[in-house]
Structures are given as structure tokens and as C-alpha cells.
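Labels run A, B, C and D following the written order; every chain starts at residue 1.
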Amino acid sequence: MSKNDFTINRREALAGIATAALTAGSIVPASAQTQQPIRIGMGMAMTGGLAALGKSALLGMQIWKDDLNARGGLLGRKVEFVTYDDQSSPAVVPGIYSKLIDIDKVDLVVSGYATNQIAAAMPTIMQKKRLFMTLFGLAANDQFKYDRYFQMQPNGPDARMEFSRGYIETAMAMNPKPKTIALVGADAEFPNIALDGARENAKKAGLKIVYDKMYPPNTIDFGTIVRSIKATEAELVFVASYPPDSAGMVRAAREVGLKSRMFGGGMIGLQSAALKTQLGPLLNGVVGYDLYVPEPTLKFPGIEEFLKKYQAEAAKQGVDPLGFYIAPFAYAEMQVLEQAIVAVGSLDEAKLAQHIHKASFDTVAGTIKFQERGEWAEPRVLLVQYQGVTGNDVEQFKQTGRQVILHPPKYKSGDIKAPFGD
Amino acid sequence: MNMDHTTVTSGVTQTDKRRRRTTELMIAAAGILLSLLLIVVGRTYGDYFYVASYVVLQFVLLATAWNVLGGYSGYVNFGSAGFFAVGCYTTILLGKLFDAPLAVCVPAAGIVAGLIGLGTGYLSLRLRGVFFSIATLALAVMLQTLIVNWSYVGGARGVYVLRPDTSGPFDSYVQLLAIVMCLMATAAVIVAVVVERSWIGFGLAALRDDETAAEAAGVPSLRLKLIATTLSGFLMGVAGAPFPYYITYVDPASAFSLAIAINTIAMPLIGGTATWWGPVVGALLLGITQQVLTVTISSAANLLIVGVLLVIFVAVAPNGIVGLVRKFRESRR
Amino acid sequence: MSEFILSAKGITKRFGGFTALKGVDFEMAPGERVGLIGPNGSGKSTFVNCLAGALTPDEGSIVFRGDDITTLPSWKRARAGIARSFQIPRPFKGLTVRQNIEVPLLFIPRENAPKADEVDRILASIGLLEKADASPKSLSQVELRKLELGRALAAHPRLLIADEAMAGLSDGEVVEIVELLNRLNESGIAIIMIEHIMKAVLAFSERVIVIVAGEKIADGEPHEVMKHPEVERAYLGQ
Amino acid sequence: MYVTWDLMANAIVAGILLGGFYAAVAVGVTIAFGMLDIVNIAHPAVMMIGAFLAYLALNTFGIDPMITMVILAGVGLAIGPFLYRGYHALIEKRGDESLQGLAFFFGILFIVEIGLVMTFGVDYRALELSYLSKTFELGAVSIPARMLIPFVVAMIMCGLCYAYLFYTFTGRTILAVAQDVEAVRLIGADPQRSKSVAFSIAIATGLVAGVLLILIQPVEPSIGREFIGRAFAVCVLGGIASITGTVTAAMILGVAETLTASLIGPSWSPAISFGLLLLTLAFRPSGIFGR
């Protein structure tokens, strides 16, 4: 008996330690004074697979914060960030957001990068009825239908169709009209959705789908896949992929000598400096969706100054040196928040949400208006084609004419060069 | 088994039996107490406390489940994430098919994962040591490939799981999840005690040391291993069952997560695999450390700590914290 | 029911292309003391492994106390009454000496329940009572051998297979072990002794069988078997 | 449907090239695990170190990876004995069950991975070399240099390992250690030394395999984990302790994966390789080529 008592006491003691550890350092003044800074909390991927874009996004937000504080802050208060690393793992996200809300008692929360993270935070956010500005969530609110959710990736109301719309419309404008298309992608979330849309868009356009396969993430040999596609003699090849396989597919297409009228489409990763410089001239002729490229048709007010600041700082921190993909939208996200707070004049989240639903916002990423599910009312997914890339230098991608916008017509900055592989 | 084990009157076995009952009762009491504590403290500190407790207790459950096989019989399961994910996807499937409530999903998840555990038990007929471990790893990859290609449960794209409305006496759904997890972890620890101190645990301990010799001494090793693999699989499945409601969006990568595979092995090893309280201590220690680090250091270094702790313990204290405590007690004697 | 406690017929065991045992026949009366000899690699261990159930023979049948046990796993044979010790002692290192003895007590059912002091009696009979709570890791070679025999004894066997129970022991220790085996035999347990120490085999056995290259070449009175020309050539050496 | 002989021929060639690379990854596991019973699941971490060093060498010092891999092989052989001594002192000497060793290397794997993340970040890194993007055409079959070079290097490396093990005294003692440690003592060799040499070879092959990986595809620190399963699968399929078996099994796995990708669809190829492993383990634990 006595021996047992000992063991149990230990267990209870440990439970006690657990309680203590969980609550330690969590005593926060109950109400923030007006003089105190506005604290904005978020979990962001700073390690793991999503960290490259996570860090880029965070840098974008920090530049906004510094700009704002230099201007004297918001409602007369400085702005501060409370950030935690979500390690690219959705499993820690619920913990981070409950800590931010319950223990840190931050004034506002924004999301980390990517759909899984956003979805994992949603129940906590919804239960607490917080305003939630989110960054690059793929139709994450379609299920929750939460009315204080606003998402910054310009996918529009029907995201899955947008990643291939430009591709198909551009293809169908070619002369003669193409008849066949091959669809291929990684077996994971984004490529699945993009391919779904591509399938539908292709059918609508009357294209015959001659190849439609997925490959597992971490595939090494893409040559075999590309050869199978080549054997189908498809006129169009639509690829939906993540960074490592985007590179693999482009290389394999060159190695196998794939000749099609268009190649590319929904490839994540090509937007980042890392892959652009790795692939260099191999990119010529490849088309891909993009969100921002330095073309004259996209000169939104403030974007150039922002990118200048970003690129200077990014070089020091070792994050994506171009910052075209996520950083402008991270900055714009905070601009939306800022403009809404100024307009409402308080941090009342119900009013803020109402205002964001109604108003439109001028940001470095253009003028934004949100629809009822919190997506951009008007989608703005670009289709770009790489042209005239020489060598592997990163600087050339800051120039115009290397990533020519083919679609949508409103922002078109050049003409397609087809076929691919010549 | 058609024999009455109580007829064995050798001293140790009988005291064991009495001792076991008291331990069981005390663990049950501690578990209920902890649940009550959760409610009280949670009211003060908010949902964060529930969320953190849920994660830590989930690891207590997983570590205990792993230890029932790995610690007691020496068969190392590398595929724990696979069993966890099976539990997880059982909930998703039943939710999609019948809108089944959690109370149904939990036992169902346990049964499905338990059956897969039974299958791995038959693998152990031919495979020992590292080969068994590699087979479990391969099994987890197979299961993942299956899920990735099964679009009904979301496939590679993943699936959203909306939490039901909070009902009954609970303030919030996370509170419910934390308490459910607390009770399940308590039950698992009791199961571990029962196994450890019964003829099953005794036979497993013998076959862990030397399977051939144990067989020669009349230990039905296959039967015992099947019990252990099934039980261990069952408990891991149970641990995964509430996860979809916790995370709300499940894709294969988050269900078959490496963090789960690693922690499930590291925690019992750091705590000590020989007794039921080793994995509990290991899970509490490592789980709480990770929770605290996530919101303090908040960098890659926090994963580093798991690795460093594991290496240090394996190298310096091979029997884990349990071993250290025993050494300490003996030195004081 | 035959008069034999054990009757093995035509035991054949192959490993891949190699035939380790070729149709070995073997019978044994209750309480008999049999020595099994043969050069290294002759198939002795394979043979006793087939008897004890660690291996299943490819051909042939084994009948023990009237039941066909040819395909039974070794734990069922242990329960049927066949106990063995191992060539290299295989104690349960994680258990204490006492617990080592308790394993067969707990797992092998009896007609009459074992008495309360059975563990102590066994420990006393093998001279390890004082080390009951020690770890087997702390035991000497001869003590480990005794523990092996004690564990076999706790299985309450009708047949004991002692696989080189004396290898690596001093002369004095060999005598101790032989005495222990004799005492077991007196309580009615049939014993098969596999041994290299010829003196011990000749002193102990009523009957000796010789296996060479997987075949039984001699079976009979110890001294007659030793005179067998083939045995002399094959075993006692060129 | 679109399965033509050209496609099949290409798939098989691609599979053999891929298999060559798998062999380079698995040969170290075969030596460390198959022959020495060291469950080095951190082998892929060694690969990652090799890959990132090759990246560093090219981009900082302008050293071609072909030279880097020779240097790394030397470095591996040089530091291997110290690593082995450390492992021996901490784990092996205790004679504990392999579980402890397993956990130990598990921890090492993690430490290395995070160490790399903290030094190099999580970006994908690749080597920019013009000769890698060449493609050779042999009739209808195209052979990219990116796959051919690793294949050739892997075959040379496996050949060297084979020659060393079978035609030198120390090599033979290593093979003997794999069979029976006592026997090695009897012939007057030091099993400790044999193991130390063998472990160093395993480390060296791991570093080289890492260089090969970064030639083939962009690399980020956590990608190494993908190879734990494949490396052990190849090793087990090949009969655990056989170099020739490992190479053959690696080719079979490579061809099985590329054929599945061409005929059924790429998403099932992991199921094929691990299914093959599971079946082998369940019905022929001694491997396809084991006795």
C-alpha cells in the first residue's frame, strides 16, 4: 500500500505541475488601457514546409506595422504583433489561437498562411466571434459560412475554377483551336481542387481530356509521367503542382522534349524566387497562374515602394527576395484592417466586419471588395508566361516583360508565344 | 484460456492482484479529479487550457497505448500515426455515412484500429525486432496511400469536419473534447495497469526477454502478442477518434503526422517503458514542454528539444525516468 | 496406449536444400534416461528442437503420451509435459530469479494446484533460494544452468530435454548438474541428455543414441554403442 | 490505351536509373543495418547533410558536385570511426535491445533535420549545372543526364563496396562479423575495428547519396524522411546483408514504381513499393534473394 501511495502522489504532483506550467506567465492585466498598443495576434509558419511563404508574409505585415507606427499608429495607439510559430502543423493551431484570445487577450487576430492552418483556427475564432482576416485560404469558408471571415487570395467566389480559367480561355483563343488536353497534378489539396476546376473548364470549352492522372507528393522521377503525357499527343498540358514537383515537371518536360501548344497552368512555386532562379531559361514558354508580377498593367499605388522596402529587408533575413507572391497581399490585408478601423473608429469587431463587407479598399494589391463569404468579389488570378529568361539571375525577374500577363484581358501585358518546347 | 490463474499461489501474484485493484481505483479517482479540475481551472483560464490539456492528454493516451505493445512485449510499432489516423478517419466516415455522434465513433474507431492491430499481431508470427518495426512503418504508408486515393473521406484534398453544437452541461466543445480525452486517457492507463499486473503482462515480459524460452515455458506467445497488438491498436484508434473535431479540417498529412509518430515513441522511452507510469510521465513531461515551448520560444528549436531529450535519455538513462527513480530509491536504501 | 512416453517416426527436416535430419526414428519409455550424442552439426539440436516444438518436422510424426504432437507449437508441448533447457542459458533477464520460475508455474496448467511454497521448494532444490530476488544477470554460469533446469522443473514435465546443460562448466559443477538430473529422474521424469562430455553421458544414460549427418546410426546400451565401428569412426574421431 | 512499346521501354529505363539511385541510398543501410545490426534510421539525415554540403560547396566555393562527392566520401571514411566509437560507447556496449539504438537514431535524425533548417532554412535548394539538363537519345529512349550521372556514380560506388568487402582482408572480416562475431575473434581480427570501418563506409555512401539526390531534385531538410522507408524496403527485399541483392532489389523497386506510374497511375506507386515490402516481410522475411 505505502508503495502505491507514493506512485499516486507522484502522478497527482505531476498533474499539479501540468496545471502550473499551463497557466504560468499567463497573468495579463484584465483590460488594456487606451494608451497601450493595439495587439494583433497570429500563428505563422516559421518552420516546416510552409515557412518559406510564412516568413515572407510575416515580413510583409511587419513592414505595414513599421510604416503605420512611423505615421503615429492607429487610433492614436501603436500596433504590436504577437506571433507564434505554428511549425506548419495545423495540430498546434487551435492551441495558438486560444492562447492568443484567452491568455494573451490580443485585440485582433489574423490567420497564418495556408488553408489547413486557417481551417484549424476557425472553430476557436467562430466560438469567440472574432473578426478573422485570413491569408491564402482556399475556399476555407465554404463550409463554415462565417460572416466575419475575409480572405486575401484573389480567388474570387468560385476558387476552383479560377486557377484554370485564364489557361483555358487563352488556349481557346489560339488559332486553330486546340482539341485535346492532358491534366496532371500532385495528389494533394491544391492540385486536386485546381484539376477539378480545369476538368470542368475544359469540358465547357469542348476539349477532349486525353490524360488525367495524379502522382503522389515526393515523386522523384517525373520523366515517366511526362513521357506518358507525350505519348497522348495532347495539344494542351495543364499541370497543378507544389514547389518541388513544379520544378520536377518543368525539368522533365525539357528532358523528354515535350512539345505541346501550352504547358503549365496551376503550378505553385514558380512564383517564388527560389524556383525562378533554379529553372532560369527552362521556364521560357511555361505558363502559370500568378498573383502579382511587375508588369505595367499592375502598377497599384504604393506597391513599388513596398517591394523596395521588402526586397531590402528580405535580403537580410534570407526570405524570398522577390516577394511578389504573398507579401503584397499580407501588406494589403493589414491595410484593409487599418482602413476599416479608421472608418469605424473603434476595435468593435462586429462593426468592423460589417464595414469590410460593405466598403471597398485601396491597397498595394489593388482595389478590393469582399463578397458575402469573405472572398474577393472579383477574382484576379493572373495567367503569366515566362518569356526571354536568360541565365539564373534573380534581378531579371524584377523587370517587366519576363513574366507577361496573358489573362485576364483587363491586365494583359503581352501575347502568348506558342507552341511550348521549341 | 481454460485455466484459473488464481490457483497460482506464489506470493507475488496474489499481492499483485490486491495492489492492482487499489492502483486502478486511485488512477480512476485521479482521472475524475483531473476532469473536475479541468472544468474549474478552465472556467478561469479559458479555452486555451482545454486545448492544451487535450493535446497533452492525447499524448498520454497514445504513449500508454504504444507501451502496451512496445514496452511490455518489446515489439516496436513505428506506424502509430497509421493507427491514430485510422481512428480519425473512422470518425469521418461514420460522420459522413450516418452522422454518428462521438460516443459511437470512439468505440468504432477503436474496433477498426484494433482489427488492424490484430493483423499486425499475425505479422509478428514471422517478424521480430526491427523487421516488425519496418513492417508497421510499411503498413502506415499503405494506409496513407489508401486514404489518399479514397475520395469519399476527402482523399488527398482533405475534408472539413464541422463541430456539432455544444450541448448538455458543457460550456464549449473544446471543454467536452478535453474531458472526453481525459476520461479516455484515464481508462487507458487503467487498462495498462491491468495488463501489466496480470498474467498477460507477466507472459509478455517473459517473451520480451526471450520468445523461444517463453514458449518452452508454456507461454502462448502468439495469443499474448495478438492481445497486445489489438489492445494497443484499439487505444490508438480511440485516441484518433475525436481528432477531426479538434482540428476541423483533416487531410492525410495531418492525420498521419510525423509529430504523432515521433512523440508516441519518444514519450514512453523518455518516461520508461517497463511500467505503466513511465509513458504517463514521459507524455506529461514532453507534452507540456512542447505546449509551453510553442508559445514561448516559438521556433524550430522547440522541435530540436524533443530530439535532444530523446538522444540524451537513450544514451544516459536507457530505462527512462522510471529507471532513474528506481536507481535513486535503491541508492537511498 | 503404447508403452512409450514418446515415439518419433521418420523425422525429416530440411533447411532450403540442406537436409538436416533424414528419417530419424526414436522411442522412449517413461522415466528413461537417454543420452544423445553426435558431432557438431550432426543434427542433434535440430532433432531436439523438433521434439520440443521450436521447429516443425517436414516429414514424420511425433506421439507424446498417446497424443500426436507433430504440429503443435512449443508452448502446447510444454503444457503437454515436455520441458527443455537451452544450450546457451536463456533466462528472462528482465525478471527476477523467482519470477523466472513462476513463468511456467503460471502458464502450465496442472491437475492439482501447485502448493504455496512450490517456488521456494524448486529454488531450494536448485540451490538458488538465496538469490530469489536477484536478476539473472548477476548469476554465474553454473547458476544460470541451474535456473534453466529449475524453470524446466517448474513446468512439471514428464520429459526433460537437457541440451548441453553442462557445457563450459568445471568438473565439480558437472557433478552438481548430473546429481540434479538424477534427482529429477528419480521423481519419474524421463530425460534426454544431449552432451559432449562423454563421461557424463556414459555415467548418466541407460541408453545412448548417435546421430551423424542427420541419421541415427546407433541406438543401445552405452558401452555397446561406443564399440559400434561407425560411431568410433564418425564421432570419436578419425 | 496509350501504352506503347516506346513508353514501356522508357519506363523500364527510367526505372533502372531510379533504381540505381535507390541502390546508392540503400547500400549504406545494407552495410550498417544488414551487416552490423546498427539500425541507422538516421541514414537519410546523413544524406541531407551530403546534399546541403554539395549545395554549399557549389554556391560558396564553386566546387563541382562531382569533386564534392569524392571529398565527402573521404570525409565520411575519416569521421566514421569517431561516430561509431560514440555510438558504441553510448548504446552498443550496453548490449541493449535494438529499441534503444532505434530511438537514438530517431533523435539524431530529428536533430540533424532541425540543425539544417536552422542553418539553411526551409527553402528547396537545387544545383544549377548546365551538364545536368542534357538529355541523351538512344533510339526512342531518352536518358536525362540528371538521372544518368547518379546512376553511374551509384553503380561505381556499389561496385567499390562489393570489391572492398569481398577482395580485402578487412572487407572479409566485415562479412564475417555479419555472420558471427566470435568467428572473427578466432581468426585474429578485431571485430570492433571491422565494424568501425564498415560503419564509416556506410556514412560515406550516405553522404554521396545525398549529393546524388540534390543532382536529381531540389532538396529541403525534411525530405530525407521520405527515404527511410524506401531504403529499408530495398535492404529487406534484397536479403538484408547482400550488396548484389540490394542493387537488384533497388532496380526492381525503381522499375515497379515507373511501370505503375505509366500503366496504372502514379498515385499508386508508393502502395506498390510498400506493398511489395509488406508481402515480402510477411511471406519471405529473408528477402526475395535470401536463402
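Just so we're on the same page, a residue touches a chain if its C-beta (ideal position, glycine included) is under 8 Å from a C-beta of that chain, and two chains touch if they have at least 3 such contacts.
None of these values were measured; they are calculated from a predicted model.
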| item | value |
| --- | --- |
| Common touching chains of subunit B and subunit A | D |
| Shortest contact path, subunit B to subunit D, counted in steps | 1 |
| Most distant chain from subunit A, judged by the mean position of its C-alpha atoms | C |
| Approximate Å spacing (C-alpha centroids) for the pair subunit B, subunit C | 42 |
| Where subunit A and subunit D are represented by their mean Cα positions, the distance between them in whole Å | 36 |
| Distance between chain centroids, defined by C-alpha means - subunit C, subunit D (Å) | 46 |
| Distance between chain centroids, defined by C-alpha means - subunit A, subunit C (Å) | 72 |
| Residues of subunit D whose C-beta touches two or more other chains | 114, 117, 267, 270 |
| Subunit B, residues touching no fewer than two other chains | 145, 148-149, 156, 300, 303 |
| Residue list for subunit A, restricted to those that touch at least two other chains | 47, 187, 214, 216 |
| Pairwise touch network: line, ring, star, complete, or other | other |
| Complete list of chain pairs which touch one another | A-B, A-D, B-C, B-D |
| Residue ranges of subunit D in contact with subunit B within the complex | 33, 39, 90-91, 94, 96-100, 102-104, 106-111, 114-115, 117-118, 225, 228-229, 232-233, 236, 267-268, 270-271, 274-275, 277-278, 281-282, 285 |
| Residues of subunit A touching subunit D in the complex | 47-49, 51-52, 187, 210-211, 213-216, 218-221, 223-225, 227-228, 231-232, 243-244, 247-248, 251-252, 254-257, 269, 274-275, 277-278, 280, 282, 318, 392 |
| Interface residues, subunit A side, partner subunit B - complex | 1, 3-4, 7-8, 10-12, 14-15, 17-19, 21-26, 46-47, 83-85, 87, 89-96, 98-99, 101-103, 115-116, 119-120, 122-124, 127, 140, 143-144, 187-189, 192-193, 214, 216 |
| Interfacial residue positions of subunit B with respect to subunit C in the complex | 2-3, 5, 7-13, 199, 202-203, 205-206, 208-210, 212-222, 274 |
| Contacting residues of subunit B [partner subunit A, same complex] | 19, 22-23, 26-27, 30, 33-34, 37, 41, 45-53, 55-56, 145, 148-149, 155-158, 160, 162-163, 172-174, 246-249, 251, 253-254, 257, 259, 277, 280-281, 284-285, 288, 291-292, 294-296, 298-300, 302-303 |
